Each structure stands twice: as C-alpha cells, then as structure tokens.
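Presented below is the structure to which this report refers.
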Amino acid sequence: MSELRFDQVTVRFGTGRNVLTAVDDVELTVPSGQVVGLVGESGSGKSTLARAAVGLTEQASGQILLDGVPLRHSAGQRRPLQMVFQDPYSSLDPRMTVGDSIAEAVPRSAGGAKHRRQEVARLLGLVGLDADRAAAYPGALSGGQRQRVAIARALAGQPDVIIADEITSALDVSIQGTVLNLVRELQRELHLSMLFISHNLAVVRYVSDFIAVMYLGRIVEVGPARDVLTDPQHPYTKELLAAAPQRGTTSLSEPDPALQAVADAEPADPHHPPAGCRFHPRCPIGPLVLPGREDCLTIDPTTEASRRRHRTACHHAAGALQTVDLSQ
Amino acid sequence: MTTTHGTTHGTTMPGATPPGPGSTGGWRAPGALAAMTTHPWVRFAVRRLGRLVVSVLALVTAAFLMIHLIPGDPVRSALGPSATKSLIDARRESLGLDDPLWLQYLQFLQHLFTGNLGTSITTGLPVSDVIRDRLPATVQLAVGAFLVAVLIALPVGLVLGVLTRAGRRPRTELGFTSTTVILAAIPEFLLAVGLVYVFSMKLGWLPVAGRSNAASYVLPVISLAIGPAAILARICRVELLAVLQTDYLRTARAKRLPAPAIYLRHALPNAVTATITLGGLLLGGMVAGTVLVENVFGWPGLGSTIVSSILAKDYPLVQGVVLVYGVGVLLVNLVVDITLALLDPRSTIRES
Amino acid sequence: MRTKATRARWLAVLRTPVGAGAGILLLGVLLLALLAPILWSDQASAIDTEHLLEGSSASHWLGTDNLGRDIFYRVLVASRTSILLALMATAIAVLTGLALGTAPLLLGRRAGRLVTAVVNVAVAFPGLLLALFFAVVFGVGAKGAVLAIGFAGAPSFARLTQTLAAGVAERDFVAAARIAGVGRFRILLRHVLPNVAEPLVVNATIGAGGALLAFSGLSFLGLGVQPPAYDWGRLMGESLNGIYVHPAAALAPGVAVVIAGLAFNLFGEAVAKGFGVTAVIGPRYRGRTAETVPAAPETPRKSWS
Amino acid sequence: ACSSGSETTSAGGGKPVEGQTLTMALGADPGNLDPQFTSLSVTHQVNWFLYDALVNLDPSGKMVAGLAEKWEGTTTSAKYTLRKGITCADGSPLTPSMVAENITFVGNPANKSTRMGVYVPPGAKATADDAAGTVTVTAAAPDAFLVRNVGGLHIVCGKGMKDRNLLKQGSDGTGMFTVAEAVPGDHYTLNRRKEYAWGPGDFKADQAGLPDKVVLKVVANETTSANLLLSGQVNVVPIAGPEKQRLEAQKLFQRSASTPLGELWFNQKASLPTADPAVRRALTQGLDLAQLGKVITSGTGTPTTSLVAAGMGPCSEDTVTGNLPGHDQEAAKAALDAAGWKAGAGGIREKGGAKLSLVFYYPTSLGPTLQSGAELLQKAWTELGVEVSLKAVSTAEISTVVLAGQGTWHAGLIPLTVSLPSQLVSFLSGTTPPDGSNFSSIKNPGYDAAVAKASSIAGTDGCGDWAAAERALFEQVNVVPFVNSTVPIFGKGATFELSQGSVIPGSIRMLG
Amino acid sequence: MRDLRVTFPGPITPVRGISFTISKGEIVGVVGESGSGKSLTALAVAQLIEPPGQVEATSLSFLGAPLLGRPAVRSTADARRRSLGTSFAMVFQDPMTSFNPTKRIGVQLAEGAREHQGLSRRQAMARAIDRLRAVRVPAAERRAGQYPHEFSGGMRQRAMIGMGLMGAPALIVADEPTTALDVTVQRQVLRLLETIRRTDDVAVLLISHDITVVAQVCDRVMVMYAGRIVEVLPAADLATGASHPYTRALLAAVPDLDTDLDEPLAVIPGRPVDPAHLPAGCAFAARCEFAQDRCRESDPDLVGHGPAHQVACWNPQGDSAWQAAGRRHLGIESIRTGQR
C-alpha cells in the first residue's frame, strides 16, 4: 500500500565520549506491499532502526519517508506505521484486557466505543482468536496467542506499513510456525508493506521478498531474497548463511586454519567501530587473512555500495559493480 | 541485552591496556591521556566529585536561604512580635541583613571558607567552637552504633538467609521477620529508657549515663544500633536470598565448592553491596537517632544542641548544625559509593 | 483498574497469618483513630485536680497526668492526631514523590534528567535536616513537622517511583501505546501507574509507619505537635520523665506508637511478600532508600518460558 | 526559713571521710564561667566553687563573713574589711585594691557586665586602703541593701581581670576549688585548694569530709540525673520534676530551696483590656489559684508569701496571704459585666465591638506542668467568657519578647526570681521597655511611694516599708504571685547546705 | 541413569522417569519444548537440585560411582564431591549471569582447581590461563584478570566451558549453551564443544530447544516431552527416521533454508502440558494428529524401535505416513481456529 523509505538515517545514543552510533547512514526502502527482511547480529542496530521509524527514538540525521512524505508523529493521529515487538510478554500491559489493549490502538477518529468493540472482535478474528478473548488478561494467554494479540493491535491502527521486530524469537519453535504462517497470510491478504526483522536467516527467508543485512549500524547488503541467499555478496552474509543450521548436514567443519585469525574474533564494540570496513577484523577475505587488502582498513566500502550488486558494502565483493533496482 | 555489551575496549582494568584481538587494524589507538580520562575509575571519581560539589553547594545555599526563607523578617521573628523597631534595625544591621541578597550570600561563603559559622545567640560562643566541642561525641556514638549494627546485622541476616533459603524453615522466618519489624518499630528513646532500667538500675551492670569509660558507651550504642540492625539484618537476608537465586551461585555449586566457600566467597560480597548502600543511609539516620538517645544518656553531643537551638531560635547555631550534619551525610555517601565501587567492579560502569 | 488476579493476590495476602494479623491490627488502629475522639474526648479532657499525677487505679487505668486527666483516654484519643499526621506526611511524600518520579516520563528528556539529578541529590539528605529546615522556616509546630517528614520522604519515593516507572516505561507495551498515539499523560495513568502500584502501596504503608515513628520523635522533642493539641509523642514527652514513678503512664503512649507502627510495617511486609515486592524502604530511615529494586531483567537473546 | 531539709539515715549513714570525689549533676551546661559575665543560675552554682564573695549568706539568709570579716554601710556607701591571708589560686595574695578593681569594673556600664545592677549598682565605684585592708564602695544612687548586694559579687583575681579569656573555661579566684578540666557540655573537674581557710562564717580548713575533687556533670534529663544518683554515680542532684517523688521515697538526704513559679503578670499598657484593674481582678477571681498552684507544682508547691524568693531575702513578712482576690467565679463574671465587657457572640465577651481576647504567655523551659497550668487557666477564663490563646515561649523569647517588648501579650506566667525587694523596683515601676524594664507597664502610686520611703533606709530596717509596697501592688492586682516551687537538691554519700539555692562548697561532707 | 524423577512440592513432577546412558566421547542432544524438563534433568544429573526439589532414581551413577543417597561416611561424601568437581562440568544457558560479577574470571576458574586438585594459588591461576587459551580466549593472561562484565557473551561462554575443563572432565553437561548467542558465535561455541569432545574424549550432554542445532553436532538425540523421553535416535536419522509424532512436528515446525516457501509451516496445535496437571495416558495425545483412545488411556513406554532407536508411542509413524498425514495438518484453518 505504501512505501517506507529510510533516507540516510543515523541514530546516536549518548553524548560526547560515550556516543554510540547505533544506526549509521542507513538507506533502505520497503517497497509497497512487499516484505523486507532485515537480518544482522545482535546489537547491529535493527531494532533501533525500527524504533526510529515509529518515532520511539529520534534520528540524529536523515529522513524517514512514507510514500515520499516525511513521517510525523503527533499524538491523536492515525499512525500509518505500526510495530510488533519481540517479546509478547512485555508488549502487552498485564493490567489491561487484551480487548482494551487493542481498542486503545483503534484510531479515535474511527468511531465510538461500539465501533471500537466491533473492531476489536473483527481483529481478534483476523488473527485467529475468539472474540470473547477480548476480556482475557495477557496472563491467561500463551506466548503465541499473545503475539497474535500484539499483531491484532498493530493492525488496529490501520497501518500502511508494519514493522515486525523479531516477533518469533521469544517463542518456542513449535509456536513460531503458527505466528510465521499468520504473518504471511495477513500480509498477503491485506497487502501490507512490512519490515520484518530477525536474526534468523531461515525465518527471514520464509516471509521476505527482499533481504537486507545489517552489520554494526550499517546495511552491508540488500537485494531480492532469493538472490541474496543464493548469491551472497558480502562476506558477512556468507558467514550468516554458513552459520544457519542446515538440516541433514551434521557438519560443523573446522574452519580453515588460515581463517583462524578471524574465526574466533569477537563482535566489535559498537562504541568504537573499526575504521574502514567495519567487518574487517572478522573478515575471512579481509586484511587479516589475505595480504594486500589494506584498503579495508581505511576506506569505507559503503560509499561505493550502491554501485555494487546487492549494494554490497565490500571492496572485494564477488559480483561486478552494478546498480540494483529494488522495485523490480 | 546484547552479547556485545561490555567488550574489552574502554573498560579495561588499571594499567593494562594492550590492544584487544580485533584491534589490529588500529581502529582505536587510545593515547595515554585518552586512556587516562576514559579510565573508568577516573571517570567515576570525576563524576562522583562533581556530584559531591553540587550537593555541598545545594546544602550551603539551603542553609543560607533557610534564614531568608523565614516568613517575614528573621530578626523580627527571633526577637518576637513586640520588639521595637530600633532594636530590630540594630540587629538587622549587625547581621548584615540589609545588604543585597547576593552580597550576603558571598559574605556567607567567605565566612564559611574561613571556618566562621557565626556566633550562637544563646551562649554567645562561636558556633564553630560549639560544634567542635560536641561533634566528636556524636560521631563516636553514631559510628559506634553503625559498626555494632553492621556487626550484628550482617551475620544474623546472612545466617538467617542461609537457614531460610528457598522457603525453608518458615517458622524461623516468621519469627525473624516479626522480631525485626518489632525492633525497628520501637523508638530509640523508649528502648534507651528500657535498657537503662534493666541494665543500670536493676542489674547495675552498666553506668546510667555519661561518657567516661568504655562501659558507658555500651547502652547508648546499643539503643541506637538495635533498630537499624533489625532493618539491616532484614535487608541483608532478602539480599542474600536474591543472591542465592542467581545463576552464578548455581555455577559456584556446580564447581562443587564446599558450602562455606559458596556462602562466604560468592554470596556474601554480592549480598553485602545493597546492604552497604542501605547502611550508609542508616548511618545518616543514626545521627538523627542520637538526638533522642543523647538526651537520655546525658551524652555531650551535637544531638541535644540541635533541638535546643531550634527551640531557642538560635538560627546561627541551627545553620551551623545543618551544614555540619549535611556535609557529614554527604561524606558518608561518598564513602559508601567508593566502598561499593571497590566491592562491585560494575558499579563504576553502572553509574553512567 | 484491578485485575482479578490482583484481587486474588490481595486476598491471598490477607489469608496468611501475618497478613491477616497485620490487616486486623491496621484496621483496628485506623478505626480507633477514627472513633476514639468521638467517643472519649470528654473523658480525655476532664480535669481533676484532686488526682494529679496518680498511678494506675481502678478509675484511671493508666493513671492521670498533671491536670488529673485520664492517661488511658488521652492515649486513645491521641491516636487520631498521631495517625492523621502520619498519614498526611505520607500523603505528601507519596504525592510529591509521584510527581517528581514521573516527571521524567512526562517532561522532555532534558527537563526529566534535571529532575532526576535533583532527586538524586535530595535523596542524600536525611530527613532530620529537612525537619530542622522546616522547623526554622515554618516555626516549630505540627505544620512544619508534617511538611518536613513529608518532604523528607519524598525524594526516596521519587527515586523509587522513577526506578519502577522507568522499568515499566521501557517495556514494550508502553512503546506500543505510544506508537498507537496514546498521549504521555494517559500512558502514565493507564499503563505505568497501575503497574507500579503495588511496590508503591507497600512503601507508602511502611512509610506511614516510619512517619508515625518520626512524628512521635519530633513531638517528643517538642518540635512536633504543640499544646494543647497532643499526640503520642507529646504524651511520651510529658510522661517519660516519670517513668520510674508511673511506668504505665509513661509507657502507654510508647506502646501505642509501637503497635500502630507495627500495624503499618507488618501490613506492608505482608503485602510485599504476597506480591513479591522487594523494593522496601526501611522504616524510619525513609530519607534514604533501600533500593533493592532489581533492574529490569535483561531480555535474553531468545528466551521462552 | 531558707532551706528546709530532712536528714535521714540512708542519706549518708557514715562518718565524714577524706580524699573523696564529689560528683554533682548540673541541669544545663554553664557555658562561659566568667562570674561577672553570666546570668545563668547553673553558672552561678559553678562559680560558688571557684570564687568567693565579700559577704556570704548562711542557710537562713543571714550575712556571715566571706572574704570580708567585717562590713558596714549606708544606702550609698559600704565598707568591707578583708580577712588576712587570703590567696588566689596562683598563690598571690588577694589585696583590697584587687577587690576594689572588681567592683569598679562591674559598676562601670562600659564593661557591660551582666552583674551590674544585680550586685553592683551602675556607676558604683570602690576605693581600697591596702594598709588597712579595707574596701569602700560609693554608689551613685541610694540602694537600701548596698552592703549585702555588693558583698555578693564574686571576686576575680588579678590575672583574670587582665585577661578575661582565662575565665571562660578556667578560673582565677580565691574559691575553694580550681578548674582542672573543662569539657563543655559534658563535665567540669575541680580540684580543692588545700590551703583554703576563708570559707563562709567560721569555716575551718581542717574540716573533715571535704571532697578533694568535684566533678560537675552536665545531665539535661532529670530521670537520668535521678538514676545517676540512685546508682551512686553522682552524689548531688537538683530535681524539679516528677522524679522528686521517686527520690523522696528513697529517703535520701535532701535540701530544698523554693523559688517563685506561679507568678501571674498582666500587661497594663493603656489600651489593653488588662490595663483596667477591674478586669485584672475579675480574671484573678476567675482562677482557683490554689488549684493552679497545685497543677503547676504537681502538688509540691508552697504558697507564696512575698515577691522575693522565699528565704533568700533579708525580710520575712508575708505580704501575699489574704491580699489576693479569692476564687469567685460569679463575682468575676459580674465584675466583667460591670467593667463593660458584655457577653457577645460565641460566648466571648465584647466591649465596643472588640472581643475580650487575650494572649497568654508561658515559658516552655520550666517543665510540662506550666503547660498544664496554662491549659487550666485557659479553661477557667474561657468559662468567664474570655478568649484565650496560649503561647508557649522559650526563655530567650520571654526575655526578648516580654521583657523587652510592649506588644501583643496580655497576661503570662512569668516567674521572676529576686533575692532583694529592691531588685524588683525597676520591673514594677518606672520606664517601660525599650528604655526601662517595667515590662508590664505598671503604674501604682502607692507602690512608688512606699518604695521611695523604703529605699532611704539601709538594711533590714526598711522591711516594713517594702512589705507595704508589695501589698500596694496586690491591691491593684498588678501582679499575682501564688505559688512557689520547691526544688530539692538530693544528696547521696554526701551532705551539704544551701545558700540562695546553691550548694555551699564549704558545707559539703563526704560520707563513707 | 535409571528412572530419574524430579519432584517439587505440589506435588509437581516435571521429570518423570528418565533413563539414559552416555558413554565416553559421545555427544548426546536433548531437545524439547520449553518446560519439557530438559534443564531439570541436567541439574538432577549434576546433583544441583536444591530442596524442596527432590531427585529420585533407581540408579544414578557417574564413572561407576553412585551419586544418589546420603553417603555413609564423610570421606565418601568428600570423595564424591571431589570427583564431581574435577570430572563433571556444567555449562549454563545464560553466560551473562552465570559468572559472579564481583570476581575476576581467572579467580573463578582457579577456585575449583584449588579446591579439588589442591593446587596453589599460582598453579591454579596458571592452569586457568592455560584453559582459557585452550578455549581460544585471546590474550588469555590479561583476560584472566578481567571481570565478567568486560567479556562479550561468546567469550564468557567459552570461559564457562574453560571452567569445566579445569579438571579432567569426563562429562560436560551444557544446558542451552548457545541460546543467548548470535548465530555466528553459536557456531564458534558448538565447534569448541566438538573439538573438546574429539581431543579430550569427553562425553557431552547438549541440551537445546532447537532441533537443528542438536542435529548438527550430536551423535544421538533424545526428544523430551512433558518430563519424559519420547524418542531416542541417532542424529543422522533425524530427518528420515524419526517416528514419534512429536519429533516429527518439531522437525517440521522449524523453517530452514530449504523450507518450501509456498507451503505454510507445520504447526503443533495446543500448548505443552502443565506438569501440575498431567493427563492420563500419553501426555502428547491431546496435540497429536494420530492419537487414538489408547493414547488417552495409558502412557506408552520407551521401547526399542530398531537399532539405537527407541520410541515411546503407541502409534509411531513411519516416514511415509507422516508425509501423507502431515499435509492435512498444515492448513491455515488450524491457525484461524486458534489453539484449542
């Protein structure tokens, strides 16, 4: 329905010496009616990006545009962007019935109390819950049910775009499936645009049309889901793919001794991100492994990214330089 | 929240700042100075000192304003409604109250720096002398009671924590809780009177009052210490119970350490931190308790001065006492914070 | 808005022996405070100069004071003043604390941080200092004492509220409400306050016990209630000097203070235990918090319970 | 009848023993020990140990030898002949010129001594004849009790006169003791001078049972003091409050002094309702003074007989009994009606639209009984149709508000303790504050006339006129003294005598 | 271990009769939904269940020595403690909270060695540094002097494993050691366990909720449900040989990189059972597609089902049955109707 665009968005926390750039100059588009999956390791800034979009965090610079218009967040208005949170246990007020929680999100302009009640019943139905559940408190619901309520609440705001931040990672695997199915179903039914955040490539793959990979506050690769998964350009994407457990392969193959230098490297400190390519201390094709790649130490690969396949932020990405058209 | 929290850089311990494994690329090359200023201890000290200075300033200003906040005219209210105008004017003049407020404030600060706290209205002695004479007795009493409270509360709280962990011995727990709640609800002065009755009058074991020999410290210190000790013991137990629930204690058990090692080496230091935080606050409260206890035991301290100076509207003395007392409390808090920082390496970080 | 589960927990609290005992005790104390002056203020103020300063007897259970008034009735009647003042001071502490503690949520970031800083400094100052301050500013009397004890308790309440509210505010349901366009004030009322209510109630209850104790101390010293009004502290101040002559008269107001304080404290403890509240401010040392509020638990990477 | 006392077996039960330490409890810290710059009675007690006066008073109030063995004088001059061999604490002899210097110093208003006007009349000067060993004092104005007054001044020796800072926490006098240690707020230790032989009257240096050391302990709480006495940690304790009863029950050695406590004053500034004698009389009639006295002394008081503290003055005539309006509620009401104060709205009397509303002051420092007394008084006057607001004030406020002011108080319980009728004159007549000390604006020609007559007669010969003066006051209900409190001083392991309410050091006997 | 039970007052029995044996050098995985009793099993094995929890078992022995029952003499108790202290290691789920925050990592590692192996302070510290190196903590010497909060999560988990290696462990029980970690770090840690198993011939009991993780590293997989083992099979057979409906459902519910994008994911309807209200019969019956009356009446035992394969099911399904029946189960309908 609507296109969400992050235009050079930067988010910083703290001040002075303690400043932390959680999201650094991010450029990302969620095309209308499509699902963009955002993956990346913990602390890479995925949630921060999402929170900036819905106005929970202020961005230091850049714009977030909905259909080309900068988003404004003022109380009382319909919020075209809605978010579903990771933890269904903390995203529902334990002191409120789920009906109230959902009703609260129904825009005031839409109608009176009666309308709101009907809307709650409709939404509960939409996410596969009985309407009489509206009177229940979250404590009486299972994790999966709560996550459905959270989704219903997000839908109550009549959003154009939904941001789903790791909505399954707090759930048991057996429940994860039902939520993923629901998300897919609803997205197709309602033609929602969606930013689907997860650290699990397999999950992202299952729901997304596009995949963006984030590392230390930057998008390092973005492209159509299938392309990124089958032809990853950035070494970090490759590492993620390799780490994703694969059924049937009992291989935890020892890393190449040559790669030992980076194999056990720690995640970088976001307060002091490495200069040049942020991934270089861990990069299996970077300066610590292959000599002669000193450019990674100093030159930031994101500047040229748009000219590479999948907008990859890597000097030594496999593919040739080319522009990617997200709206293909 | 995330796995990357607290990685090596920026939080290394004193003296040791070799580059981390991933720093080969020189993505952070802290200079010596930068390392110094970013050192957690330095940062902690700077921040803490800043807070102290702000607090002291607030205190000094409040003490100054106290006299100026008195509705109407402090001199008039000191002298009473029927004082003559000439008398009031003369007094105003001598107190410098006709100067603009900022000038008076500056003068006040200047006097403070020279240790001049003014002259007591009732005795005519310099306030600084009065305080100097009486402060030690109060400090002795409060600190003594604090130490006793801690020495009673920590072992009792810890032992009871261990005994009643995970809902064991519910009856003991009930007894402990009720005892401590009752003890904490008894006003110090009542306790003091009771103790004198039993130990001095009936049994004749201890002196009734005064501050002469070691024996004369026993009752005042105990009557002051028992209430706080009860509170402290309870907090200590609750803390210990919380610590006993932690994963790292399970780790310690998984190491098959003997019970004493588990409790003393692993549980105690962690349980003690919160206890100390509270303890510092209690020490401040104990100084308040001295006011009452000093009265009962004829203790030559500042506590009795506090009350009499207020009742006599001896404002310079009240002001001096407020200042000294406030600074004392701030210092105690400083000591507590430093102790905590020493005991718990995270606190220096956590502060920010 | 109280959920059924909450009501059940309250009932559960009252069903434990400590909870039941404390509940009954507290109810009794409050009823006494309400009724005693209506029932017995005549007996309490009947002057009988023929029987000055007598010990306990059949007609005067606890003896008489130096106007021949019956101490037993005076102790009973004093309950209203004592408890009312303690509750007023607690109300001041709680309201001020709530205002200060929730200010960071309502105000902008900068103003909020300023409030936080002020509270942090204020927490360090003990109540007695404030009591002195108010005694000077407002003059010696119940008004100054109420304000002093109230404001002395406020910073710790503010800090507690702040800690608790911040913990709730960073939970996702608050973020969800904000995304849904709910205003700050409404979020505070509908989401934050109900979720911090229990620890606040517990602390207010225990705080009232502390205030009672503090008040009796101030009145005892002559810095609290001024004659001819009387509360337990003043009764103690009057009769404690005669403790060796008429122990019953001297101890009765003290016992009343202890019992009433106990009622508040025990009730608070029982509720705290029933609700699993660990944030408890030590009674009487309320100027300073025993903050044992656990920090909001870190959300593990993946956890399912 | 100065000191009344009861000697009982349990008090000492032993013979006088040597080398003991006497510990005495003081109710408050004496503060500055300089005898010429203090007005606290507790300091006065301490100074008794450190300094001597020219003349002493025996327990019955009779003048006995002090530093002077002989004295004589008129209303304007006094002459003292010093004893021989008196030495100061540092061993230097006490000379008449030293004594003269003391008197002149205190009498000089420029020196702002607090003892001026109390012992030495303002402007009095003294001359010495060292050879004859005499000191002669000349007063600027007549003083009926000049010899006795000046004779009571504590004499400071030369070093102390030069450096008064020495005296703040030390001593330089001819007294029986010297300060060995001063810990303000806690205790003062005094050592006895073995060479001391010039005690009151026929005191002898080889008296058995004198303590070698005296420890004065500051104990504010009377219960604590009583406990200290009972547990033997203290030998001498003055007790004003309810602990009296307990100690009395123990049958301890006891000497008591009585001081005025129930003294009702009316502010008689023109324009105040209490300026009207009829109102004052009615208000007094409305009170049951006996009952009030009982309340404020917890039943231990004695009826007042004079405005001068009982047993302290040179005169002993009862001027009070029968001269105060008796208790008569109905008469009081009628009198108020007659005075124009008619019952108004809310039962409060009114006159010309103004309510009969009185502010009543009473001191907090004299114990909780005054509070009760005030409440009783409030009740009684309320029944008369008078609105009474009580105001408890500290001693400091009393002296600044009442004694120095002219404002908003109407009546008060303000006990004034004096030991000579002449000391009362400035409070009861003459200029009002701020220039004078007639704080209740009394204008009583009868009193003034009687005083004028009495002042011209030196010594006890004027007693009859002084008594007439007091009676004139009571007739006009200018001031209503009705009860004295007795403050017993208890002793355990020691006996002693009192003079002017203070323990006489030379009378102390330690018992073993 | 035979017939292990863990009981809490209530009475709740979250672990109801578990039997298994782990041999040297073997990695055994335990999977199951949350609350199925995995952690309690691990804790029971490690003798870390505190009263009021109670552990019962017909036999529970480690390296041939019994672990249960109060030893008659003190020395036996000490010996048992020592033996457990040196040859039994435990790695917990949350590396953030499993270290004492007030003690240096090195000290925490050395502590056990000083206690059980009688090493001096210096020796123990040297060994700690050596072990840190062995688990590939870079700059081990400096790291040993740091506090836990200065470690990253993965690093802490490695240090935790290093702590287990201070002695000469025969068995490492790892309770969800990678759950709190990033996928890339997870792989490092799993690799580390693998390496240790290979080089030191240590047995590993690896607990995880994620069947794919277990499948990757383990030799043998035990599937737990409601406090019981419902299926044991070699990890290699997981994809094809699993025959308990629960195992099947678990496998199908987790998407992987090969999941068919056009099909909805498999779903296990309903909720896990509450250990306080166990149904009669098979605990899984209520959620089971193939449940029959018999399933609801009596609880099946764990019985052999081919070599190295045991199943506790009255109605185990073969690969083909699953394929056929499973489809029915995967409709949107099941979502829409909610969870029963």
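Letters A, B, C, D and E name the chains as they come in the text, with residue numbers starting at 1 for each one.
Just so it is clear, contacts are C-beta pairs under 8 Å (C-beta built on N, C-alpha and C of every residue); 3 or more make two chains touch, one makes a residue touch a chain.
In UniProt terms the chains read A = ABC transporter ATP-binding protein; B = ABC transporter permease; C = ABC transmembrane type-1 domain-containing protein; E = ABC transporter domain-containing protein.
Because the structure is predicted, anything quoted here is derived from the model rather than measured.
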Looking at the contacts, which chains touch subunit B and subunit D alike?
C
Return the chain pair with more inter-chain C-beta contacts, choosing between A-C and B-C.
B-C
Rounded to a whole Å, what is the gap between the Cα centroids of subunit A and subunit E?
31
When the C-alpha atoms of subunit C and subunit E are each averaged to a single point, how far apart are the two points in Å?
50
Rounded Å distance, subunit A centre to subunit D centre (Cα mean)
90
Which residues belonging to subunit A are in contact with no fewer than two other chains?
41-42, 172, 199, 266-267
Can you list the subunit B residues in contact with two or more other chains?
2-5, 7-8, 20-21, 193, 201, 311
Where does subunit C touch two or more other chains at once, residue-wise?
222, 240, 243-244, 298-299, 301-305
Of all residues in subunit E, those that touch subunit B in their complex:
46, 48, 50-52, 81-82, 84-85, 88-90, 92, 94, 97-103, 108, 111-112, 115-116, 138-139, 142, 145-147, 149-154, 160, 163, 180-182, 185
Which of the residues in subunit E end up touching subunit A in this complex?
33-34, 136, 138, 152, 154-155, 182-188, 190-191, 194-195, 209-213, 215-217, 235-236, 239, 249-259, 261, 264-268, 271-272, 332, 334-339
Which residues of subunit D touch subunit B in their complex?
31-32, 183-187, 217-221, 223-225, 227-228, 230-231, 233, 364, 393-397, 400-402, 404-409, 433-434
Contacting residues of subunit B [partner subunit C, same complex]:
1-3, 51, 54-55, 58-59, 62, 66-67, 69-71, 77, 174, 177-178, 181-182, 184-190, 193, 197, 201, 227-228, 231, 235, 238-239, 242, 274, 277-278, 280-282, 284-285, 287-288, 291-292, 306-307, 310-311, 315, 318, 321-322, 325-326, 329-330, 333
Subunit A-touching residues of subunit C, taken from the complex the two chains share:
1-6, 171-173, 175-184, 190-191, 194-195, 299, 301-305
